[in-house]
Amino acid sequence: MKNQASMKIFSLNSNQPLAQKIADSIGCTLGECSVRTFSDGEIQMNIEESIRGDHVYVIQSTSYPVNDHLMELLIMIDALKRASAKTINVVLPYFGYARQDRTAKPREPITAKLVANMLEKAGATRLLTLDLHAVQLQGFFDIPVDNLFTMPLLAHFFLGKYEAEEVVVVSPKNSGVKRARELADYLDAELAIVDQQYHGEDGKNDYVIGEVSGKVCILIDDMINSGRTLAIAADVLQKAGAKTIVAAASHGLFSKGSKEIIENSAISSIIVTDSISGIQEKEIANVSVITCSVLMGEAMKRIHENRPMSPLFKLQ
Amino acid sequence: MKNQASMKIFSLNSNQPLAQKIADSIGCTLGECSVRTFSDGEIQMNIEESIRGDHVYVIQSTSYPVNDHLMELLIMIDALKRASAKTINVVLPYFGYARQDRTAKPREPITAKLVANMLEKAGATRLLTLDLHAVQLQGFFDIPVDNLFTMPLLAHFFLGKYEAEEVVVVSPKNSGVKRARELADYLDAELAIVDQQYHGEDGKNDYVIGEVSGKVCILIDDMINSGRTLAIAADVLQKAGAKTIVAAASHGLFSKGSKEIIENSAISSIIVTDSISGIQEKEIANVSVITCSVLMGEAMKRIHENRPMSPLFKLQ
Amino acid sequence: MKNQASMKIFSLNSNQPLAQKIADSIGCTLGECSVRTFSDGEIQMNIEESIRGDHVYVIQSTSYPVNDHLMELLIMIDALKRASAKTINVVLPYFGYARQDRTAKPREPITAKLVANMLEKAGATRLLTLDLHAVQLQGFFDIPVDNLFTMPLLAHFFLGKYEAEEVVVVSPKNSGVKRARELADYLDAELAIVDQQYHGEDGKNDYVIGEVSGKVCILIDDMINSGRTLAIAADVLQKAGAKTIVAAASHGLFSKGSKEIIENSAISSIIVTDSISGIQEKEIANVSVITCSVLMGEAMKRIHENRPMSPLFKLQ
Amino acid sequence: MKNQASMKIFSLNSNQPLAQKIADSIGCTLGECSVRTFSDGEIQMNIEESIRGDHVYVIQSTSYPVNDHLMELLIMIDALKRASAKTINVVLPYFGYARQDRTAKPREPITAKLVANMLEKAGATRLLTLDLHAVQLQGFFDIPVDNLFTMPLLAHFFLGKYEAEEVVVVSPKNSGVKRARELADYLDAELAIVDQQYHGEDGKNDYVIGEVSGKVCILIDDMINSGRTLAIAADVLQKAGAKTIVAAASHGLFSKGSKEIIENSAISSIIVTDSISGIQEKEIANVSVITCSVLMGEAMKRIHENRPMSPLFKLQ
Amino acid sequence: MKNQASMKIFSLNSNQPLAQKIADSIGCTLGECSVRTFSDGEIQMNIEESIRGDHVYVIQSTSYPVNDHLMELLIMIDALKRASAKTINVVLPYFGYARQDRTAKPREPITAKLVANMLEKAGATRLLTLDLHAVQLQGFFDIPVDNLFTMPLLAHFFLGKYEAEEVVVVSPKNSGVKRARELADYLDAELAIVDQQYHGEDGKNDYVIGEVSGKVCILIDDMINSGRTLAIAADVLQKAGAKTIVAAASHGLFSKGSKEIIENSAISSIIVTDSISGIQEKEIANVSVITCSVLMGEAMKRIHENRPMSPLFKLQ
Amino acid sequence: MKNQASMKIFSLNSNQPLAQKIADSIGCTLGECSVRTFSDGEIQMNIEESIRGDHVYVIQSTSYPVNDHLMELLIMIDALKRASAKTINVVLPYFGYARQDRTAKPREPITAKLVANMLEKAGATRLLTLDLHAVQLQGFFDIPVDNLFTMPLLAHFFLGKYEAEEVVVVSPKNSGVKRARELADYLDAELAIVDQQYHGEDGKNDYVIGEVSGKVCILIDDMINSGRTLAIAADVLQKAGAKTIVAAASHGLFSKGSKEIIENSAISSIIVTDSISGIQEKEIANVSVITCSVLMGEAMKRIHENRPMSPLFKLQ
């Protein structure tokens, strides 16, 4: 008779601390596998235990270096498929290339769709991810996609910290107002938007729409890369009389040069999740980290046990 | 020897006036085809001329009744494929079901992706469309998609009508700020946003972010269905002291009841394109229509002649 | 551990009375879901309970209005796929567009194949259907198709009603002789065919092949749409001296105008199944209905329990 | 610059005389290729001339030995695809396995669909065929299928041979009445059907429906395999007083034993096309052959020149 | 509730003795199915027991007559898919057409890939095979492929038969050195290669590379077809002073004429497995057979029970 | 009318000198495109000219850093597909991950097949490559693959340099004997093999099979990575009395550390092609480079002009 199909969780190289925390939160151990690089740069995958007929979960953030991390993931999926995994559940706390989700100019690729196609073609049977840059990315897939939200985590962090009336939630750019509205709903606060105009890349024509004078401004975005968008917005808010400026984002990329930009900005503190590793090591003075591991672990358990995901979309 | 592949344009039932205008702008005639309905409601397709080896363009807006119009289109594509069309270019001035582009709640479909899959599976080899509800919908397809923008047409309509300083472009809801920013760029104007809060479906808590007092407010959206979103926003703007309120949108659905809502609103005039037919027949007092036919016809010619589309994205 | 995969049955809008009867015959309740229509005519699907990992059965006849009912079904399949149903079993008591199964004239679609492709592409993993217009439609699919037959039900209805020697089974047209032969086998009767000639649409040249004088003629067809085919055949039989004329069919479409045609015909009574709803409401004097619910319910149970279907193909 | 795409016609092993006649009717030569068999029975394909960028037509009837002829065809398609043919047009005068088009009993394959899938997967881009066993087989494909009819050829053969009133067209079995009706229309004749009952494999209960006494009976079927169906029907007709019995069919398989059955039957003469080779060699006394080569050649020319196929469906 | 999914093993016609031995080694019976041939050469498949929801294993070597055996297999897969098998595991002890794995000359097919595509498209969900001609053939598939090795079986046969120092393992041609190295490793022996030069099909320029004088030479190849390659190599070895010449191969095709070639060669004995049937019946004097049934049966059990395959790759 | 489809050649980042040489040999210019990297490591593609309806050739070696170069290529293909290229011809002078072409150990990926699948899924319509590690890799694709050989180039380099009788061609390992045989045929030389045994990674048990004493030994391999394989073989040859040891390979990877290994080896000179860039910059004393640009350019012209490739497989 067939052996019972087990849940097996593997972590690739991009975010092993998070993977370990997720495994701990579920109460299981990470599977044995290693990813080495040959002298010519090619990736060598070693899965050290049988996964025949098992439900396999592979945790990998396709963050920097994105191409290496993506290929690691695709190669792992190929190996799992050929080694007869029953299902291959890709867990992507951070989905690289997500911003390339449309052809903004003629002859541009839609790299996010390319990545989606690669994952499906390689053999992924399900995707679990966190706060996609655009929710429409779900529709890039024909396999089930569970897109978790960090907003309840971030809102929980701010709740009780300030009086509702002294807070205004601010979108640092035109395209993120809906996200800001969600946080504002949790905090019962009003909105403002920093209008980052296109004809003025230096930001000197930027201005704030809405009332921020004397207020605690919470800037909210989905990801922080160089920090420049937030820094410019903070500058605009400061000029407009903001009392305190803090920021929150799901994904902290903190690419090269971001430490300086952020530490020199008007932002007093930033909160991000651990969807991308290496943030602490960068020692950016005003950045702190909350974990998304319990949320993701709970989602993986619910997937494995065929229980509904809906309770995870609410403030805990 | 193979006969030279010709360009053949067919119109289905949803918007024949626009199709005729497009054909006129290209300087060709519409192909002979008819779509009948059997007594049991099934669609019968008749293509009355040979299209073997031709480049075929099928014009259809999947507007109300959306399911019939969509099935007409899919059946036509199947017929063209089996009748050996060389390429099947679907021209969708309005893409129905575009708003169902994500799972907003658990166990929701992504119907826009379903529609994309149906079009590709039926045999479409290219899509030409107009002002997609979300630009990410391009990535729902693996065939080339040319998404034209109505913004240059709408901007052209407003240019010179008002002094730049007396105008403010207003997004009637949180999620359309980027679109408003584009129009504001054309008109050199500032922005405002009507914050339609979720916990107040009656709209009585809504308020405007930004300065509108004494201004000409141009509300901009991608589509007008019942008109309720615009009417509420106009009410908020009026209370905030707006001088004049006008509105613009790419697609005028004007579903049942919209005539009353719009005529009773604070909006003095509305401009839409003819991407959806039947607007004039509805005789809504303050609605006027500009045509997208020249833009679409020019795009079809460029596709057929392998010339770049980029010039069409600028103000003419 | 994975929850046990359950059987969940949902009914869409086309034939809820039959779906309820099927559920009753299986001894389970219908799942909670609702299908609404937005003001612009787009369908909104709501599945009100978790179906993660379950074996889902969706009951829908793609009868009038066929395009709406088909889109309901496709959207439901998309929703189920994304919500992680383990298998998606489409139950189609009546398969709309089945007659468009070949290109009878140049440049015709094969809409039945289009529908098959749409169902598979959307995510259906199995089809259960009833008395397909042509058995070859099974081959339009690459997923398993179980095609049940109504003939045992109809034969059971007639058995014992008449002496074998006084009965003749009549095909009302050239193409249905095989079906008539099957019923004749059950009733131990001879055959006759009404030859509806092509060059005479008024039917005045039609004649019967075979002996019907003084006989009870049972006309048999797979579906009744306007009733015209049966009415003409009955007229021919009456002229040829038939004693009594009754009719039977699997699917009663009874489109507009059929009531008058049928009530004015020489047919004394008609028997159909409830594969399509709304027959009773039409109050056609001489039509009665037998249910296919027990047959379909038994088939669904056998599918779910991995038991063979073959016993269902025999007279009960 | 690209060389002009040429038309190249190749013949495989099953019916080289027909292929040669088709090439002659088009006025071109057959391409150089050879098909050998290794000592272990594997097929070796040699295409002796470049076909890069060409429109290639491969003529092959998948008649006895069907598996070898089918594999020859699939291997040829693979070779053409990899050698960069622009289009691969499969010309199948006889489509083997066409009768296995449904699951007549539980757990039967639908081999005709399997064959269709194999042809498409191997790389065929179009199919040209002749008088498919069931027209629904077109829908087994998603590539364009042109299904030519032999009926005009067969009707042309009989026209003027007999007075209309002395002829009756007879279907030798229940399922072929529609085909008989078509021939009857051409000849302005009435119909009869031999009812070959299922519960009597010896045929002794078979009888004729319709008037045949003193008539010239033309039995019509799509293919003749062992000849048994026709021989039994002829016997029934003879007993019912038929004056003369002739037969016609599109495809003459004439499998082992058929010579004896046919020569000993009541059929005075049989006409078939040359869709399958080797008929003459079998020297069956009363069988003669008309060629389908001009019809097929004309169809291939029309495909190559993008001209409509419809004129070929009428009596020449 | 779903019935428990069982393991069901079927044998087609090519190697029933091996299939029976495999079933015996597993301790189960072969499923009831029969494969008949119609009078026109078409294959008719009969699966005599329900396999709904079962894990089905189909044993078939695609040896001579390869096209018939391959079509049998494809038709069986189609039947199993439509009859709702849960998984379809193809067991191919010998993979016909494996040597056609590249385009050695322009415009050649890659028939091995064609076969792989056919198997996958028909519905195979897994492949178990034995000593593929080239290991790269695994990559022709996207389903899991378990490729067992006969080398431990063959090595076990030779171990202890000779002193290590008196043995040299010889590759009979340039391309099989890696295989020879593997056997040499097991036997702790040195290597030699017979260099069969291309410009000399008569073999008279062939020579041996390495020391064979006075040694027991074990020629090793993956398959023996006509035996000519081995016979020529043996001749070269004999001239170079070899003491004894024996040979081993996984697959014994022994095509027509091989008996004479082999019996007249310098080879004293040959060992092959029973992956292909009919070897004993050919009564070649110096050929003996060892069974691969226990190895294959054990692999099938491990697949069914989700246990790792790795222990099977070692000397037992 | 459609503009004539042109040939457009683009080079990505991995080997621009070779791309330039290829363009020069064809007599055309490289298309305008640029590949930048965002601050977070994501690739940004810019195609600076219209390619609508054109035949596009993209030159890229997937050499170190392989993952970045591969993703560049896939993203470019996606961009070309969406920008309506008529055909997308991938030119891969070096195919990275080619050695991962089988599962050597349990649970290994077949990364070469993964790469093939990615290229096809992204939209490549043809592949042109050079001396694939295993010729079977052609069969990993279902699009046409033209695999050019460097052997005529390398043979041409050696012809006339030495007397035939003083040369022996040596395979540095067991698996490359066929390649050595090909070079030996060109040079009319004999073969030898260095038997690199598995149970001795230090190579101290390695020995040469064949006669090399006093000979000029030409080691031949398909690629040189660290150089270790060649260095060990050279050592063995030197001990066996070789007079001179030279080496040739198609692809010079020369990964980190190779300079030292090679310069310290017994090899007096190495010849490779410029399929991979950066060799000169590494300044390895005894390595020289011949260009494959003319060969590849000629192949691209033949593809574009639909002329046969076969003349390129012979010594020029």
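In this document, chain identifiers A, B, C, D, E and F correspond to the written order of the chains, with residue numbering beginning at 1 in each.
As a working rule, a contact is a pair of C-beta atoms (placed from the backbone, for glycine too) under 8 Å apart; a residue touches a chain by one contact, two chains touch by 3 or more.
None of these values were measured; they are calculated from a predicted model.
Q: Which number of steps is the smallest that gets you from chain C over to chain D via touching chains?
A: 1
Q: Could you pull out the chain whose C-alpha mean position is farthest off from that of chain A?
A: D
Q: Among A-C, B-F or C-D, where does the E-F interface recur, judging by over half of the contact pairs matching in residue number?
A: C-D
Q: Measure off the straight-line distance from the CA centroid of chain A to the CA centroid of chain E, and report it in whole Å.
A: Those two chain centres are 50 Å apart.
Q: State, to the nearest whole Å, the distance from the C-alpha centre of chain D to the C-alpha centre of chain E.
A: 39
Q: Quick check: how many Å separate the C-alpha centres of chain B and chain E?
A: Here chain B and chain E have centroids separated by 62 Å.
Q: What positions in chain F touch 2 or more of the other chains?
A: Within chain F, the residues that touch at least two other chains are 5, 50, 82-83, 103, 106, 110, 113, 117, 138, 142, 308, 310.
Q: Okay, what are all the chain pairs that touch?
A: The complete list of chain pairs in contact reads A-B, A-C, A-E, A-F, B-C, B-D, B-F, C-D, C-E, D-E, D-F, E-F.
Q: Where on chain D is chain E touching in the complex?
A: 38-43, 45-47, 50-51, 63-68, 70-71, 74-76, 78-79, 82-83, 96-97, 99-100, 103, 106-111, 113-114, 117-118, 121-122, 225-226, 253, 255-257
Q: Sort out for me which residues of chain F touch chain E in the complex.
A: Listed in rising order, the residues are 101-104, 106, 110, 112-113, 116-117, 134-140, 142, 147, 171, 174-175, 177-178, 180-181, 185, 190-193, 195, 197-199, 207, 209-210, 308-310, 313.
Q: So in the complex, the part of chain D that touches chain B is made up of which residues?
A: On the chain D side, the touching residues are 4-5, 55, 126, 138, 142, 144-145, 302-308, 310.
Q: Inside the complex, what are the residues of chain B that reach chain D?
A: Its residues touching chain D are 1-3, 5, 50, 52-54, 81-84, 123.
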